[in-house]
Amino acid sequence: MSSPFEWLIFLPFAGGVITFLLPGKSRPWLALLLTVGTFAAAWWLASDVWREGPQGYALGGWEAPLGINLYADGLSALLLLTTSAVMTLASFYSLGYFSREAEASSWTEARAFVPLWLFLLGSLNALFVSRDLFNLYVALELLTIAGVALVALAGGATALRAGMRYLLAAFLASLLYLMGVALLYGEFGVLDLALIAEAAEGGTRAPVIALAFVFLGLGIKAALFPFHAWLPHAHASAPAPVSAVLSALVVKAAFYVILRLWVDVFADSVTAPAAQAAGALGAAGILWGSFQALREQRLKLVVAHSTVAQVGYLFLLFPLLTGVGEGAWRFDAWAGGVYHMMSHAFAKGALFLAAGTILYAYGNDQISAMRGLTRTLPITTVSFGIAGIALVGLPPSGSFIAKWMLLTATIESAQWWWAVVIGAGTLLSGAYVYRLVSAAFTPDTLPESIRPVPRVMEYASLILALTSLGLGLRAAEPFDLLEVGAPFSMIVAGVGT
Amino acid sequence: MSTFELYAALAAVLFAVGLYGFFVRQELVRKVVGLNIIGAAVFLLLIAIAYRNRGDFADPVPHAMVLTGIVVAVSATALALALARRIEDETGTRRLPEDEESS
Amino acid sequence: MVMSVFLYGLALFLILNLIAGLVRVLRGPTDADRMLAAQLFGTTGVGILLVLAEAQGLAALRDVALVFALLAALATVAFVRARRGPGSSEGEAGG
Amino acid sequence: MIETGGWLPVSILATSGLVGIVIFFLDEPRHRTRNFLNIFAALAKIVLVAIAIGGYVEGEEYEARFAFVLEFDLLLRVDAVSLLFAGLSSVLWLLTTIYAIGYLEDSPHRSRFFGFFSICVTATMGIAFAGNLITFVLFYELLTIATYPLVVHRGSEEALAAGRTYLIYTLGGGTALLVGVVWLHTIAGPIEFGPGGVLEQAASGNSWELRVIFAVLIGSLGVKAALVPLHGWLPVAMVAPAPVSALLHAVAVVKAGAFGIVRVVHYVYGSDFADSLNLLLPLAIIASITIVFGSLRALAQDDIKRRLAFSTVSQLSYITLGVAIVGPIAAVGALVHLVHQGVMKVTLFFCAGNLAETLGIHNVSELDGVARRMPVTMTAFTIGGLGMIGLPPIAGFISKWHLGLGAMEADFAWVIVILATSSLLNAAYFFPPIYAAWFKTPQVEYPPAPGRLETSWMLLVPAAATALMSFLAGALAGVPYSPLDIAELVAEVVYPP
Amino acid sequence: MLEHGVDIVLAGSIAVVAWRVLLEPQLFRSMVLFIAMGLMLSLAWVRLAAPDIALAEAAIGAGLTGILLIRAAQTEAAQEAAAAAREAATSGWRRWFPGAGRIVSAAAALAFAAVLLVAVIDLPGEPIGLTEAAATEMEASGVEHPVTSVLLNFRAYDTWLEVGVLLLAAMGVLAIHRTYNLRSTRSEEHTMLVLTWLARIILPLAVLIAGYLYWSGTHQPGGAFQAGAILAAALVLMQLAGFRGVSGLSTLWLGAGLMLSFAAFLAVGFIGTFEGEFLRYRHATGELIILALELTIVVSTAVTLAALFAGAGSQSGDDSDAVRARTPPESL
């Protein structure tokens, strides 16, 4: 086990097996230990990438095209770090969240939760290091099934129905993706992304149609408007740590695959109109998600709709990669999008965890019931506020930097209309975050009894929120890491200042 | 029309049929059936592609992919049916409400 | 050559048989007809597979025929159970 | 990273920033600790700013630079104009803190209040020392975030509504500012503030774009600087507790806007270059309209704080006006008014707060004869009011004098008319309350003073101190290190002789 | 010529049957047709020189999925009619445009089909793929059947994760039922004598066939998944005949059965890292390792598929408390 790749795959899956088989109350602690271990492995991989450039790994010693190769560049490393960091904190949180031993059902919940949770982590890791079209399909499928099971864990008609919607949408999406993969295999005869990238060039229709299938499938999984309808209830009905991870990471995983294929593999096959269309759907998602978030009465639904909106931002980077001439803005757009992915992962994780804390304490999560939150749960309020800042993209959050870069790209590539969308999105997200924050500031009558909240829950969300803030205070190193193996260069020679 | 083209065309047709069924039928079990038909279409295309490239044997990689795909499909189907069953227990219907808010 | 034509002709004939069975499944009129027709699938399927094994020169297809035979029995059981199982009307489920 | 002397601006920020964070986590009843921390930090900050002023005059350079993202740095740098603003803020922070401790005695949520209060001051200091636009934007938005909880501190319906208005204006402004700054960077690269402007060299070829960007920047800064028609939030925000009004309206928020305009005109564009783009005359006209409009609206207000708020709208635009007139004398007027208006207006708000807190007086019509009951407060009020009108030897006179001279020098004779009109209007809305307080007979019996003093010393001392400062700043304008002295120093740098 | 005729008739009838599957108003009949479609698809796989897939389709696709669906289709006729009525009286804009949904769906489906056809026609004429590569490397893989060499050596990682998907689905079903074994799931009460008899005959036969398929997988079509599916079918039959089957397994044994294969891959992968890479076994023992892994796949697939069947089909009408215990904090 001399390679970080091995640990990244081995640890969570082994943990899943062990926690499933072994009874005992130590399960959640073991999960925590393994998520921390995975973080260490991700750190190891990131430092290898940082020092030596992109890393490859041939599973079973079989090189592509016959075998499956793993690959990690700066992008993978950053997302792996994000994944294990968010999941570590969410695991901390779940120590408190599932500690209700008195209630038998929740203990069952916790028992089912831990192995599924570790499988989810393993499949995310597998996905972020995969360089094989079909392996990506299997990883996505693992992710989906684990996600559905975790949503359904909450029990009750709402969660079951939400899980069902999620499963149906994701199942269809997987098949669309696989259809695309079949066509691509028919065209190129290989599955390895790097080999396809060598062979791919614009021109024939088959790869373009194949890509349309692939992107459609992944778009559904990433909840791109108008394929987002499954998301809000699925993310809102799940247990809090699950909601956090679904919104923070699982949706991003599908987007990550789109990004890889679009930018690294098929850059020449996708056309400018397709990019504009992706951007337009993203913009529609921003507006629609934000409007829905403004209308919802339940806290977790607001946060879930906001995910639809925030995913929209990610798709704005595709039109920004187009444009006339050579310029550093392509890196700005690409890196801005990736940074938004990360920052949003932490912020949304924090928000869902905080929302879960409120639900835990108050017994419901109506926004109107949040009154007096500053007094009852001050730390949760603070994490709420900080995560809200990151969601709106105000400084000093990582999303601010992301927004800065995206705006730079819009202006340098002379596509001002996307700047308008970004601006409108900022104001709308400000509006729905404001709704929540102002509800927290309303003093008013407090509920008679509040269930005491384990401290670990409050601090887990606070640390996540602070991390999203920290990303805004120090972006130099993440960007340096991101540039390792990046498809674009930070500075294009001879252009810019 | 070669064998490859015939079955590839069948794949296209099955895909459309399954998709239509998935969209139109409200009953969860039937939606799952629709998805299974779409799955069959995808597998058919893969195997047809493998058939096109055969020496001593047909291309084994798509075959392996389809085997994997079949197992994945049966997994998702079983999970979906278990969910559908539980939904029926909880709500008395095996459909999802038309609009999301009604719950 | 003649052999091949004969074998494929036979396979085609059996497939048409299968389709005839399908019509019964659709038309009924009773579930008994449907079930018998379904049983026919298994048997005919085995036949087609054996013929194709000869025609395509693929011995492995006989294994497939074996599995077919086994599962046809299973499917029949499932039908019976489904029609007989709790919650179904006994009246229609002849047998 | 931190170069020689860089510790100074960093520690000036840290004094309030760290204390703010500590205060957040203080338990509510620990008043002594909190008060001690507050006062100690405020005193430390004054000492540090004094050291900075001394050092700067000696020719020391203080600069702290942190890698931020890509080619952008976070830059904190001490220069003359930042010292002017920082000096004002640090002194007024001390006084406002003392005042707030007295004012909020026995009210809930004090940890929260003082926490945000400290963050606010930190953001203000950050704005003062920001050495480039990105740093400026960062702290500018931080200020928005930190002031919102102060505006809604009371949690009443009215307060929440005011908070909403405040956020709509400032978030809108912030978004526009971000767009403008990003846009500017795309054509000029990372730019640092430089006296006399830096754009003439960096991007003189894009005159139309520069004009639009100027409009965007001024428009967005104009929200906080309350330029008509973007002033709407200011009078509404009056529901905040008096110390907040004092801080917001005299120092932090509105000055941040005005200070930003100074930075943009003098340190980014350069007033000569801006003038060559025909940008300054429209700015002067808008400022003039705001001056007259604010005064007219102030006349009609009965609520003392609202009257003061509209007076702020009007007085602030003196700064903008001074910036918009080319020439060193007008610049001196603008800069010195930045300080003078702050000191005078904070006096007036302290007094208004005293009246409300001690006697429950909120309206001008209730002031009859109040000076007999509260002579010190009303003396302070009178000094502040007369200063606003521009009577010598109080501070306001110095600013108006320089503005007038500057206008003459620049052949903007019509500005004199504006100044005269404004002074008349100022007199019209300040004389009646002053007259009523001193010379009319009380309509009601005021409750007797609680002790030897007319009200708590913590409320009285800050008001008296700022009144004295208003007087001294005018009377002793010629001595070294007076606001005028430093303003002249700045003007020398901006307009090299 | 006739060869083509077989293909054309087969393809045509598959399309028609698929269409009828979706149109058939009665759920049960629709499921019977679905199974028929699976059988015909098996024939199509045979025609496309994919006997492995034909086996898998017969065992899993038509066999188990079909039985799963048939069982799911056991609804009260009355209930279904009521639901259909509800479906007809849809809300919102659909009331104003009856059939609009269908037209749009049909148009979308047709568009997809057209686009797919274009893509298929556009695929390059000359064959492209990995047949050659697999043929050259097969010797090093330890087995002589190309599909097995891909599944269990070249792309064993995918297979491992696929086993993981199967496992996760089982875990999901258990989670949905809020239980750790399937004892709470309903077993068939009124057993039929003929079924018991059938089960007694078929079970040993199934074990035999499964063993044969497993063994032959290294050098000819057949293999672990197919063998596992056949065993699963036998287990399901036991369940239907009133035996406890997998529902009788304790938490530990069920868990062990589900996990066995995934854990085995993990262990083999781990050992492989000492030689080089994860899942590396190119050396002389390759065949042994593959056989061992396949054996675990057989067991796990059988247990998992049977468990999925038991979980997906179980009704909670007469269930024990484990199913009854639902979460109190429902967020609505």
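The letters A, B, C, D and E name the chains in turn, as written, and every chain counts its residues from 1.
Everything below uses one rule, namely that a residue touches a chain if its C-beta (ideal position, glycine included) is under 8 Å from a C-beta of that chain, and two chains touch if they have at least 3 such contacts.
These figures come from a predicted structure and were not determined experimentally.
A.B. asks: Quick one: how many steps at least from chain A to chain E, stepping chain to touching chain?
C.D. replies: Minimum number of steps from chain A to chain E: 1.
A.B. asks: Find the two chains joined by the most C-beta pairs in contact, please.
C.D. replies: B-E
A.B. asks: When you average C-alpha coordinates per chain, which one falls nearest the overall C-alpha average? Tell me, please.
C.D. replies: Of the chains present, the most centrally placed is A.
A.B. asks: Look at all chain centres (mean of CA atoms) and spot the one farthest from the centre of chain D.
C.D. replies: That would be chain C.
A.B. asks: Report, in whole Å, the distance between the mean C-alpha point of chain A and the mean C-alpha point of chain B.
C.D. replies: Each chain's C-alpha centroid was found; their separation is 27 Å.
A.B. asks: If you average the CA atoms of chain A and of chain C, how many Å lie between those two points?
C.D. replies: One centre to the other, that is 48 Å.
A.B. asks: Distance from the CA centroid of chain C to that of chain D, rounded to the nearest Å?
C.D. replies: Centres of chain C and chain D (C-alpha means) sit 88 Å apart.
A.B. asks: Suppose each chain is reduced to the average of its Cα coordinates; what separation in Å results between chain B and chain C?
C.D. replies: A distance of 22 Å separates the two centres.
A.B. asks: Out of chain A, which residues touch more than one other chain, so two or more?
C.D. replies: 66, 134, 138, 141, 145, 148-149, 152, 156-158, 160, 179, 183, 185-186, 189
A.B. asks: Using the touch rule from the top of the page, what residues of chain C touch 2 or more other chains?
C.D. replies: Residue numbers touching two or more other chains: none in chain C.
A.B. asks: Give me the residues of chain B that touch two or more other chains.
C.D. replies: 15, 32, 45, 49, 52-53, 61-62, 65, 68, 72, 75-76, 79, 83-84, 86, 103
A.B. asks: Give every touching pair of chains, nothing left out.
C.D. replies: Inter-chain contacts occur between A-B, A-D, A-E, B-E, C-E.
A.B. asks: Can you list the residues on chain A that touch chain B in the complex?
C.D. replies: 66, 134, 138, 141, 144-145, 148-149, 152, 156-158, 160-161, 163-165, 167-168, 171-172, 174-175, 178-179, 181-183, 185-186, 189, 191, 229, 232-233
A.B. asks: Mind pulling up the chain D residues that touch chain A in the complex?
C.D. replies: Contacts found on chain D: 24, 66-71, 109, 112, 134, 137-139, 141-142, 144-145, 148-149, 152, 155, 160, 163-164, 167, 171-172, 174-176, 178-179, 182-183, 185-186, 188-190, 202.
A.B. asks: Would you pull the chain E residues touching chain C in the complex into a rising list?
C.D. replies: 1-3, 5-6, 9-10, 13, 17, 20, 24, 28-29, 32-33, 35-36, 39-40, 42-43, 46-47, 49, 51, 54-55, 58-59, 62-63, 66-67, 70-71, 73-77, 188-189, 192, 195, 198, 202, 205-206, 209, 212-213, 216, 220-222, 226, 230, 233, 236-237, 240-241, 315
A.B. asks: Where on chain C does chain E make contact in their complex?
C.D. replies: 4-5, 8-9, 11-12, 15-16, 18-19, 22, 25-26, 31, 34, 38, 41-42, 45, 48-49, 52, 55-56, 58-61, 63-64, 66-68, 70-71, 73-75, 77-89
A.B. asks: State the interface residues of chain B toward chain E in the complex, per the touch definition above.
C.D. replies: Going through chain B, the ones touching chain E are 3, 5-21, 23-27, 29-30, 32-34, 36-37, 40, 43-45, 47-68, 70-79, 81-86, 89, 93-95, 98-99, 103.
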